[in-house]
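Both of the next two complexes hold subunit A, though its partner changes from subunit B to subunit C.
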Partner chain A sequence: MEQANPLHPDGESKGGVLAHLERLETQMSKSRKQSEEPQSVQAQEGALGTKIHKLRHLRDELRAAVQHRQASVKASTANVEPNLAVEMNEQEVLEEKLENVKAVLQAYRFTGLSGKLTSRGVCVCINTAFEGNLLDSYFVDLVIQKPLRIHHHSVPVFIPLEEIAAKYLQTNIQHFLFSLCEYLNAYSGRKYQADRLQSDFAALLTGPLQRNPLCNLLSFTYKLDPGSQSFPFCARLLYKDLTATLPTDVTVTYQGVEALSTSWEEQRASHETLFCMKPLHQVFASFARKGEKLDMSLVS
Partner chain B sequence: MDETVAEFIKRTILKIPMNELITILKAWDFLSENQLQTINFRQRKESVVQHLVWLCEEKQASVNDAALLDIIYTQFHQHQKIWDVFQMSKEPGEDVDLFDMKQFKNSFKKILQRALKNVTVSFRETEENAVWIRIAWGTQYTKPNQYKPTYVVYYSQTPYAFTSSRLRRNAPLLGQALTVASKHHQIVKMDLRSRYLDSLKAIVFKQYNQIFESHNSTTPLQERNLGLDVNMDSRIIHENIVEKERVQQITQETFGDYPQPQLEFAQYKLETKFKSDLNGSILAEREEPLRCLIKFSSPHLLEALKSLAPAGIADAPLSPLLTCIPNKRMNYFKIRDK
Partner chain C sequence: MDAELAEVRALQAEIAALRRACEDQPAPWEEKSRVQKSFQAIHQFSSKGWKSSKDLKSQLGHLESELSFLSTLTGINIRNYSKQTEDLTGTEMTEKSIRKVLQRHRLSGNCHMVTFQLEFQILEIQNKERLSSAVTDLNIIMEPTECSELSEFVSRAEERKDLFMFFRSLHFFVEWFEYRKHAFKHFKEKYPDAVHLSEGPSSPFMVIRSASQPGFELVIVWRIQIDEDGKVFPKLDLLTKVPQRALELDKNRAIETAPLSFRTLLGVLGIEAALESLIKSLCAEQNG
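What follows is the complex of A and B.
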């Protein structure tokens, strides 16, 4: 405590004394406060301390709760996630399978015999081929009833469909289909040979190719060497077996007036054999190659 | 060149409409390009015809050349004739048909010439394996009449031939010539007749439905069009939509989704007893059958029949007598009581 200055006069100390008393008062109140603060501070400290404790406790509880939840969620998702993943995969797998099956069904045509179910039965598709070349397709729409019948078809009118149906359709449908396939494939093959002859070897033909709808009678005149003066050979190919692509009867004749020399006669006979054994266009391909060889020999 | 041939060529060319003239002359291939170019086709038709006949005389056209021109004209104007259908048959167990066109033509011509002496027979092959035959008939003593020929369209390696114009006198001879030349045994006239050769062919060869389901078709089967306006306000509901759908389905099953072959008429000769619900009707209870001829005519009969039920004019399903026409390959029916 500050000591009052005794040297100050009263008047001055009035101001001085009252002021001094004021000062003393304020000092006292300050010191009181100061003495109070540590108490409140302590109290406050204590309060805060407990609050901190409480909050820490709460925090720990919450942390524990969160961890617990996370653990349980993980545990449950560990069970759930594989299922969801499987579902997604299953759907994709099914779609892939569907696309696969569709592609396989489309590719079935390469087997030559395929079909699709219809509301009344089945529509069979026969894809013909010859020497690895895919040729025309033909359809037969069957109604599955008793008796089995053909609803409509795209088989050419000169193929004996009614005959084959009369023989096999009711008793053995497999035989019916295979027999029809035989006829159609053979027809396609013969047609292919005739078309190839007309288009690729026109240079060796000396007249138009005579053919009929079934391509089972072919008649033409040809020369091995188009430039030569010799008379052409005349060939007549008969295909009596409608399920075959090679002729059953071949006659090669010479149109000239004079008799053939032995070499020409040998050639004529060999041609007859060739036409019986190999497809028409292949025989002509070998003629063309021989012609090239001859040319080469002339050059050298 | 014979006067009659010149006259025949002139009359044939006169029949040809101007807008088809050049095409037909080119198909005939008797006059060369150069010769055709000398003609002014913008003149009056009579002058063009005169010029053409003169060119033909120069080139000495024969009656066969003229007949060929007539065939080509008829091929362009098939619908002007009514075509009958004949079906031939073989004995069972016959050899495979090795059809030779040359042999057929020779054989056909020989049979007619042996029988009649005076007959003009001409052939023209087409790309669909068919041969058009033109026959101008004469007798032992008269020259062939070039103005009333018969046409036959024969599809080789099939039993079917189509003929124009009703023959009386020469029908059996024609039948015999066709049968023998094509190596068949019998010939029978089918109950099918029309102006539209293509439709007859489609019906006889059963080629009128060429719609097939397959896994490879790129165009999906078309959604059935109910015939109702799709753009119609959705607030409008058809009261009888169930019935409409039923009719549509039956029509689709009977007639299919393909274009119908074209026929102009169907004729039903009834020889049946009259059936009536009313008692005491004059026509009922007669022992004799009622003879009656019913003829349906239309520019396109089958399409008209197809539209009957959807239009509400007839009940669906239609009578099988009407719907069996393409399937049975008949449009002339004789109906008797069983």
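What follows is the complex of A and C.
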């Protein structure tokens, strides 16, 4: 005759969880009673009760994951023989742990830096983003040797990788990677702005957008009102700080022969300021919105 | 009442033990060299098990060392992560070969004594030309909430939907926070009668008072600021409290110019040396 399962998982776990719930219940009703009584002595006890409740909640949160795992393991071994139960326990615990670790590893890309261990060392993945838009990723494959060395990478050639590596790689990997992150994120952001300008606001551009690979020197001509006969504005944006996504030097000029009227001059000056303060494609988005308003006034 | 007090003590001890497991990591500013060292150690461990082992345990070990490396590198310890995907592609979109997917992510973890819980959504749109991926919603819950210096920064990160800036700045903020705490504790231990931390070592205030010169007080305000771009930097100020009579006697206006002089001192000596020199100057008699 088969022996009853010595672990008695159902009974034990039910007793454990039930007892826990009962304790919580009594504590809740106790603190509720205390909060109803307004006297100062009871108020003191009530404050204590609330404190206990808060502490318990915090402690329980910290323990919650472990309890859950234990409960699920016990439940799954309910109808299995003792020896198998022990083995399956371990197997399932390991599998669940493995799944959790894999998931958490996936999550690291949201910090901007993630990576995988390799037979030579580590391959670090740098993710870039601009204003919530997730952009390109780059990798740097590091070899653990003395000295630490970059085996290969996907960093564009115009990013000063060697410079940054020379400064930090041997003494402080973290600083090296954070610094590289700064450069790559800024480059990605500038590239994103230039791409958006070209794709979304081609109607306002009167010529091709001129840009260098590093996207820190942009030159273009534009008109607020494409239909008008006026000469376009010519803008030149220079981003001296390679870790920034806003330009450091902006010049907006007028290509026409006649001098600008005051209102046009004001507009030209305000555009210079705008390009310094807001991302390129957002400036053009505001131009487009103003244009729509103008059209409406013509119609009515 | 006694039973409840005992329970409070027991709970606090338990929480402290669980928290210590988080805080047991070395001081963050020491981690810079620790990353280099752990890098070597982790590589040694994993290269042993590298020859493709299907065994669950060694696989787990390998991944856990990967996790340990990332946690040390980023300064962020992620403990839980889950994701849900919802396909929003309508029939119209499929005809134009456009695909729209909404991902819901939830992750939680800690950065030393700060715990965080993030919920965010990412909308992926795939059309013929490109795949675009954007964070469409970001919610951040942080504890402890008393860290007022952080709450403004958190709102900004949520508004900008800037995940990377959030994590990077959090890491540096906590580094400075722990360094300030360590420095304040150090001065309290070295000069117990002169240094007063009325709100504890985690607050931005350190008061220097000389027992032999009551009425004179120097208050160091050491704030940790996070600017618009997410850069974290310390900002120190000196406040003086002196008796009226002393002010009248101060012909050289030393007290008036003290805050400015302090800034200069900081630039010359650095934070710790500047603070130490202030303590010594006020308590010269005591130490003599």
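Keep in mind that, in the parts below, the second predicted complex is superposed on the first by the 206 of 300 C-alpha atoms of A that agree within 3 Å, B and C clash if a C-alpha of one lies under 4 Å from a C-alpha of the other, contacts with A are read in each partner's own complex, and residues count from 1 in each chain.
Please note the rule applied: a contact is a pair of C-beta atoms (placed from the backbone, for glycine too) under 8 Å apart; a residue touches a chain by one contact, two chains touch by 3 or more.
Bear in mind the structure is a predicted one, so any value in this text is a computation, not a measurement.
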Partner chain in contact with A:His281 - subunit B first, subunit C second, else both or neither: neither
Partner chain in contact with A:His271 - subunit B first, subunit C second, else both or neither: neither
First, second, both or neither for A:Lys97, with subunit B first and subunit C second: second
Subunit B versus subunit C, judged by how many residues of subunit A each one touches: C
First, second, both or neither for A:Cys123, with subunit B first and subunit C second: first
Partner chain in contact with A:Val157 - subunit B first, subunit C second, else both or neither: first
Partner chain in contact with A:Phe139 - subunit B first, subunit C second, else both or neither: first
Touched partner set for A:Lys191, first subunit B, second subunit C, both or neither: neither
First (subunit B), second (subunit C), both or neither touched by A:Gln174: second
A:Ser219 touches, of subunit B and subunit C: first, second, both or neither? first
Shared contact residues on subunit A - subunit B and subunit C: 102, 105-106, 108, 114, 116
Contact set on subunit A toward subunit B in their complex: 102, 105-106, 108-109, 114, 116, 118, 123, 125, 139, 141, 152-154, 157-158, 210, 212-214, 216-217, 219, 238, 240-242
Subunit C contact footprint on subunit A (complex, rising order): 44-45, 48-49, 51-52, 55-56, 58-59, 62-63, 65, 91, 94-95, 97-98, 100-108, 110-117, 119, 121-122, 124, 127, 129, 131-134, 144, 171-175, 177-178, 181, 185
For the subunit B and subunit A complex, residues of the former touching the latter: 95-102, 129, 155-158, 160, 205-207, 209-210, 212-216
Of subunit C, residues touching subunit A in the complex: 1, 4-5, 7-8, 11-12, 14-15, 18, 31-33, 35-36, 39-40, 42-43, 46-47, 50, 56-57, 59-60, 62-67, 69-70, 73-76, 78-83, 105, 107, 118, 120, 122, 132-136, 138, 160-164, 167-168
